[in-house]
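The chains carry the letters A, B, C and D, assigned in the order they are written, with residues numbered from 1 in each.
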Amino acid sequence: MNKNRLEAFSDGVLAIIITIMILEIKVPQGEDFIDLFPLFPKFISYVLSFIYVGIYWNNHHHLLQGLTKVNGKILWANLHLLFWLSLIPVSTGWLGEHYFAKAPVTLYGIILFMSAIAFLILQNVILSSEGKKSLLAKAVGNDSKGRISQSLYLIAIVVSFFNEWISILIYFVVAIIWLIPDTRIEKILLEKEEK
Amino acid sequence: MNKNRLEAFSDGVLAIIITIMILEIKVPQGEDFIDLFPLFPKFISYVLSFIYVGIYWNNHHHLLQGLTKVNGKILWANLHLLFWLSLIPVSTGWLGEHYFAKAPVTLYGIILFMSAIAFLILQNVILSSEGKKSLLAKAVGNDSKGRISQSLYLIAIVVSFFNEWISILIYFVVAIIWLIPDTRIEKILLEKEEK
Amino acid sequence: MNKNRLEAFSDGVLAIIITIMILEIKVPQGEDFIDLFPLFPKFISYVLSFIYVGIYWNNHHHLLQGLTKVNGKILWANLHLLFWLSLIPVSTGWLGEHYFAKAPVTLYGIILFMSAIAFLILQNVILSSEGKKSLLAKAVGNDSKGRISQSLYLIAIVVSFFNEWISILIYFVVAIIWLIPDTRIEKILLEKEEK
Amino acid sequence: MNKNRLEAFSDGVLAIIITIMILEIKVPQGEDFIDLFPLFPKFISYVLSFIYVGIYWNNHHHLLQGLTKVNGKILWANLHLLFWLSLIPVSTGWLGEHYFAKAPVTLYGIILFMSAIAFLILQNVILSSEGKKSLLAKAVGNDSKGRISQSLYLIAIVVSFFNEWISILIYFVVAIIWLIPDTRIEKILLEKEEK
């Protein structure tokens, strides 16, 4: 089995997920700049979700690089991840439609949390297939970023019942955590390559 | 002729089919959790169809692995399969919109049945091109899973005129049949590889 | 320059065109089989357009196989073809919405004609780049099928002002012309290969 | 790291962006040719945006050909470009819906300008990764076309407050600038190849 189609199919689904979110931003009725104002919360939630899907694509890209052989479990763990990510657009639309009301913020957190769990499952299925001594196992390490994100999502879900703005802040913080120190993993992979 | 574009195009179409189904789940009007309740049947039918398209992608992936040369017949048998699968989203939408009423359940069964027949045709066209002694012919074997599914779809279609819930149960049963014992085929392919 | 991305991008656009047409078939309001009846003209026009996009993907696949080097002209001739094909979904929607009224039938013919011309331009640009003695030039030959189709589209456009049903019949006839004798070209390519 | 998935994902997103714009052109209500008239501004803005996305795909194709190694910065600079390009469909829809009113024309210019800046950032990130003596650095040269476009977008944005038609003219002029002299870069690359 080759992993090319697994990557191609995942890329296709992720490309569609990241792009159909824009369909939630409807063309404004009026023709003045002021008509763009009601779109602002939708735009912010679009930016947030675009970054998240980008992060998942990025991490998926890294994870599958270490993959050498595909099996049925991996195919289904991958589809399971894509399932949760496919719920991001509708959740984003709800978030943007209701100016970040409580319930949409909670739901958004639940979907981010489930996506994170699905990614963890995919990672574990691949690791158990590749072996603990594989290059991938070393690159993943103790996966502190993953565990911190999962904890923060849980906190954000609970907090959203009291103050939705703190939850949104947490979602942005998690996004920033993933955006910044990507270089560390690249260094490890680079060092391995050089040896 | 190479099979890369056949795979790429099929992956693209399948990725879009699996993703546009989410567009049937409209952003709820209200902003409370209770507003998510009417979406529940839509969500269940989305899950069911997501699994089915996933199964087809999976089986398509396996089938085309054994393919060595592409011809016009294969291209059209493949497009024929994609045609029936492309009807799954609208059928899923109808199923979810009407709380699993009788007619949508029947139609859903008809489309699953036609997709299964289209897959069978593609399989036969590929087998007749590859030859009966090919690796693929051995891997497919007597295709008992395929024939059981087709029979169950037919039963579900008939049953849907009397009790739609039994039909829905059958659709889930068929999905589970395909989800579980994928490992058997992999073993055969693996054994072949080792020889 | 490599042709992989040209193929990948074209496959992506064609896959989306063939799939978003299904979005024109809206989920029926009622829950009985009788509610599917108004969808019938839409379904027929969907089938027709699905076959046409399938034919274009098929021919595009064949044409690009003979391509050895990509240049700017080819990229733009290819985008020009994709532009006309991208108008098929909205034209199909109009055709299905109005039970095959005169104007939608004419427009559909115009778009099929322009797509055929765009394909011809792409073919000529590629032929002039590859040279008259190339394998592709021999495979294309005098392109009688192409010229017959273009003539039939023109006839159908004119006829549509008097009787739209004859035009629709012509569209189906052209589709069947392309569906049937694909094997002839394959034979020529196969003979070349054997030499 | 390989650049195949970067290209595949970008191709997917660009293919979807260029195709979902057609969804803004709704099927006309009536069944006569006169019902197509109100679609005319939408059609013109669709043509303009189709050309722009085509240009970006074309330039992206060229830029990534010179790329030899992918890193995290490049992935995110690429996603940043895709983000701005993903706003073209909704902006195009607004432009077409309001017969080229002032505010939509300004917004369209802003999004084209931001896309151009995002492309410049991607180009710089790739150049700083590849080195100033790389083949790419020579091919890009002083990037006069890029700088002229950015200036013209800025002028068009300012002008749109006074006369939107001049701005639209400028958008078409920039598109034509990119369409015509693509051959120059190809020549340089060809000369390099021959050496």
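Rule of thumb we're sticking to: contacts are C-beta pairs under 8 Å (C-beta built on N, C-alpha and C of every residue); 3 or more make two chains touch, one makes a residue touch a chain.
All values reported here derive from a predicted model rather than from experimental measurement.
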item: Relative to chain A, chain with the most remote C-alpha centre; value: C
item: Copy pair chain B, chain C: interface residue numbering same or different (half cut); value: different
item: Distance between chain centroids, defined by C-alpha means - chain B, chain D (Å); value: 37
item: Interchain centroid distance [CA atoms averaged], chain C/chain D, Å; value: 26
item: Two or more partner chains touched - positions in chain D; value: 8, 12, 15-16, 20, 23
item: Of chain A, residues touching chain D in the complex; value: 7-8, 11-12, 14-16, 18-20, 22-23, 25-28, 31-33, 35-36, 47, 50, 54, 57-58, 61, 65, 179, 182-183, 186, 189
item: Touching residues (chain side chain D, partner chain A) in the complex; value: 1-2, 5, 8-9, 12-13, 15-17, 20, 23-24, 71-72, 75-76, 79, 82-83, 86-87, 89-90, 93-94, 97-98, 101-104, 106-107
